[in-house]
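Following are the structures in question.
Look at the two complexes coming up: chain A is in both, with chain B in one and chain C in the other.
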Partner chain A sequence: MTRTTDKVALNEWQAVGTVEEIISGKRRNTRLLGQDIIVEMDGEIPRMFENNANGGIGTEHPAQALYGHIWTTLGTPVKAPLDMPEFKEDGRRLVVCGALTVRASALRIVENFLDMAHFPYVHTGILGEEPITAVNDYKIEIREPEDEVWATECSFFQPQAAASADDGQVSQYMYRVSSPFVTVLYKTCPVVEGAWDLVGIFVQPKDEAECDVHTFMLVLDETSTMSDLVHFQQEIFLQDRSILENQIPPGLPLDPMDEIAIKADGSSMLYRRWLRNKGLTFGTHRGDGSSQAA
Partner chain B sequence: MAEHFPRDAWYAVGGAAMLAEGEIMPVKLFGKERVAWRGDDGESHVWHNRCIHRGMRLQFGFVDGDRLACRYHGWRFGGDAQCKKIPAQPTLAPPDDFRIPVFQSAEKNGLVWTTAGTPGANVTGLPDSENFVFCRSLAVHAPPDAVVEHFGNMDASITTPGILSAILNIEGADVPVAVAIQPVSADKSQIHVTAGQAGAENAIQPLRLRVSAWARRLRDTIENQTEKEDSE
Partner chain C sequence: MMQLYDYVLSGSCYKVRLFLSVIGQDYEKVPVDYYPGGEHKTPTFLQINPLGQIPVLVDDDLILRDAQAILVYLAGRYDANRSWYPEDPRLQGEIAMWLSFASNEIMNSSAARLHDMLFYDFDIDKVRAAAHAAFRVLDDHLTDREIMGKQWIVGNHPTIADIACFPYVALSGDGGISLDDYHAVRRWISRVKQIPGFVVMPGIHHN
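After this line comes the complex of A and B, so read on.
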């Protein structure tokens, strides 16, 4: 596939690798929105270039380091990457899980991240389990002026809510979508009362139906080892991947008639409506067959 | 493909015994994905392989009694394809239009049959003259028409779309075979091979083995032939 012409997708900041990986002198040859790119560090300065078909280095685009990742764009962003003040708080550990390749639309991946109803079936025994399957009512809203989708007052009973959790607990959640490809959740911290742990995904859409998912956690957990934390998150994501690579059609349908929704899908419906209003087409299912993801 | 494989015909898609109670099997017909499953009540079904909720392939679900459950959010669908239960909202009685599109299906001659259209109500099955037993199913990497053509060269007859009958000579004895061709896609087929059951019950297993061996050779020949034509 060649670079998309979808301006909405092009004009976003996208995470395309971890600082740690690239700072060690490794260039990352990857792809963004159908465009082959090279990501590298010039001393402290992250840089991104188009990688031409003939192997030559092409146009340079803006790049910046943020939240342990290199962010870049092929367009002209109207909005900065999301603000997460928690990164400046003391006592938090940033866990960067590395990229996981998923053959699915970025939008399906984000939608799955917002979904609680699948916990008992996809993350059985960890994030949920029959017979406690009901999704309690929660609130959804578009926040202005940030232009973000939020779902708040979410809760779900979980047999093993986090790497550090021994017992089941009712976890409280808040979900936040700051760009079509970036989402973060805030979840009851099992260690410090009243505090939130952050888990987020920066989805790098390589093509309409293939992504690298960059996952991070920002937690107040001093006991679990780094590899415990990474393993926990990786196990969860591999379970999600087995779903994401098996949805038909691969592109996210934005037409409300294409798939059936219930009240528990409120965040998914608001996300879809928000995407529709933006006029995003990349990674969506288009009934006319023009979607690569069909 | 239309001439030999009309949409409205019945096509075998697998051995009925391969689809035990509680099992789910992905099926492809004319390039379209289906799912076949059998509930604890013994009934088999052929549906769209796509959940109406978030599009999950139903082949990865699980059978819960006489219902099929989707792997993604556990929605339960009854044998009538109607959604009976939505775990995320247990108090909701799923509306009538929460249902999976289905295809007509039936079992006959030890095979599961389905269609891409609206055939007559009764499954045609294999020719009535013999008491056919299922031997095995084999994937053939060749267009369905190529499979038909190959049989044409060996004096087989087609009485019903997709079904070829021939007499094999196995170790001096004439064995009637019937092969049901499943048009998987433009370039893939599946053959379901059955043989006329001659003689005692204990003769079935050796017969199966011989006919299966014949079918494997047949598959290899057809695939080689197709490859050769492709490279020419």
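After this line comes the complex of A and C, so read on.
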């Protein structure tokens, strides 16, 4: 496809690669919202250019390095990338898990990330286990002025909540969606009492139904090796991939009637409503047949 | 304790994990940061396997690379009944034929998956077509076997040939390759999933 005309999607900051990969001199030829782009480092400074059909380098757009990733935008963002003060805390390890391609709508990927109900079935023995399948009640809200979707006071029994967990635990969770394509969760750290581990996905929508998903963890864990941590996260993520790629319809339905039809739970309902109020169309299912995600 | 240099998303490592689980053999995993770390190409790892590939099995002073070689060793050494790699030379010949098929033709499905999932630079149309050609051969073979009343690739019970062929056939969807046209293959996949001790990996489900 060609670059989307959806202003809502264009006006967001998006992660399009890891600093580590691009700083080593590897340019990243990739795509964002239907536009072919080139991401590179000019010394310490990240840069992003459109990649024209004829192979020529086109217009430059803003880029910045943040949270181990390069962020960029094709539009005029109204809002900075999310603020995660935990990145400045001592003793935390940033685990950049690398990008993985998923043939699904970015919105489906974010919605799946918010969903606890699938833990026992899809992440069996890790994030959940039958017969404990019920999702306990939790709170949902839109936080202002940040304009973020939050779900708090979530909890779930988990046989292996993190790479560092020796035993099952009831994990407390908070979920946060800061842009249609960016979401982070906070969950009980198995090692340090009272602390949260962070896990997040920065979804780079390449087309309406194909994304690169950049995953990170920011954890308090001094014992696991980097490989342990990366494997833990990639295993979970890949368990979701084949399911995400087979969802029907591929685009996320935003029509209120659909929420009833799928018995969407609280956080997914609020996420969809929030997207609808923004007027986002990219990656949505449009009943009129214009869904390019189909 | 036996060690397996392992990557959680690797179908080749899964060949070994699956077999170790089926024969109930204990081992220790050594996680390799294959992606994004590229640890299998570092000098330290190249000392273990100069080909820069996983899996690698270390058992005492034996270092083995290549999933198929590892399966032959494990079946010979740890399967007391010798049912997974029978001593019959004729069956051994047939098994070797399918082990080779698993590490050559079927690996086109792995290439498609690496392309679609981890940005590997393969000619995607070419590798998908080659994977389809391989699946056609396997499907025809399994159809013939079913006509003879047989359920497995070789012999009368599952062997390491089934274990070696299974992962990248079952993971083909990850590389955008549909198994819709391979009915005998799909029935065989369901049978493999019923083998006692069967374990899953990301992308492969119990049902």
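Keep in mind that, in the parts below, the second predicted complex is superposed on the first by the 288 of 294 C-alpha atoms of A that agree within 3 Å, B and C clash if a C-alpha of one lies under 4 Å from a C-alpha of the other, contacts with A are read in each partner's own complex, and residues count from 1 in each chain.
Simple rule for what comes next: contacts are C-beta pairs under 8 Å (C-beta built on N, C-alpha and C of every residue); 3 or more make two chains touch, one makes a residue touch a chain.
Everything quoted here is computed from the prediction, not taken from an experiment.
By the touch criterion defined above, A:N52 lies against neither chain B nor chain C after alignment on the C-alpha atoms of chain A. With both structures placed on the common chain, the touch criterion links A:C97 to chain C but leaves chain B unconnected. Touch criterion not met for A:N277: it reaches neither chain B nor chain C. Of the two partner chains placed around the shared chain by superposition, neither chain B nor chain C is touched by A:T2. Of the two partner chains, chain B is the only one touched by A:H118; chain C is not. Within chain A, the residues touched by chain B in the first complex and by chain C in the second are 242. Taken together, the chain A residues at the contact with chain B in this complex read 111, 115-118, 120-122, 130, 133-135, 242-243, 246-249, 253, 259-264. Partner chain A is touched in their complex by these residues of chain B: 33, 49-50, 52-57, 60, 70-74, 86-90, 92, 98. Contact residues of chain C toward chain A in the complex are 7-9, 31-33, 35-37, 39, 116-119, 173-174, 176, 202-203, 205. By the touch criterion stated above, chain A contacts chain C in their complex at residues 18, 20-21, 96-101, 103, 225-228, 230-231, 234-239, 241-242, 245.
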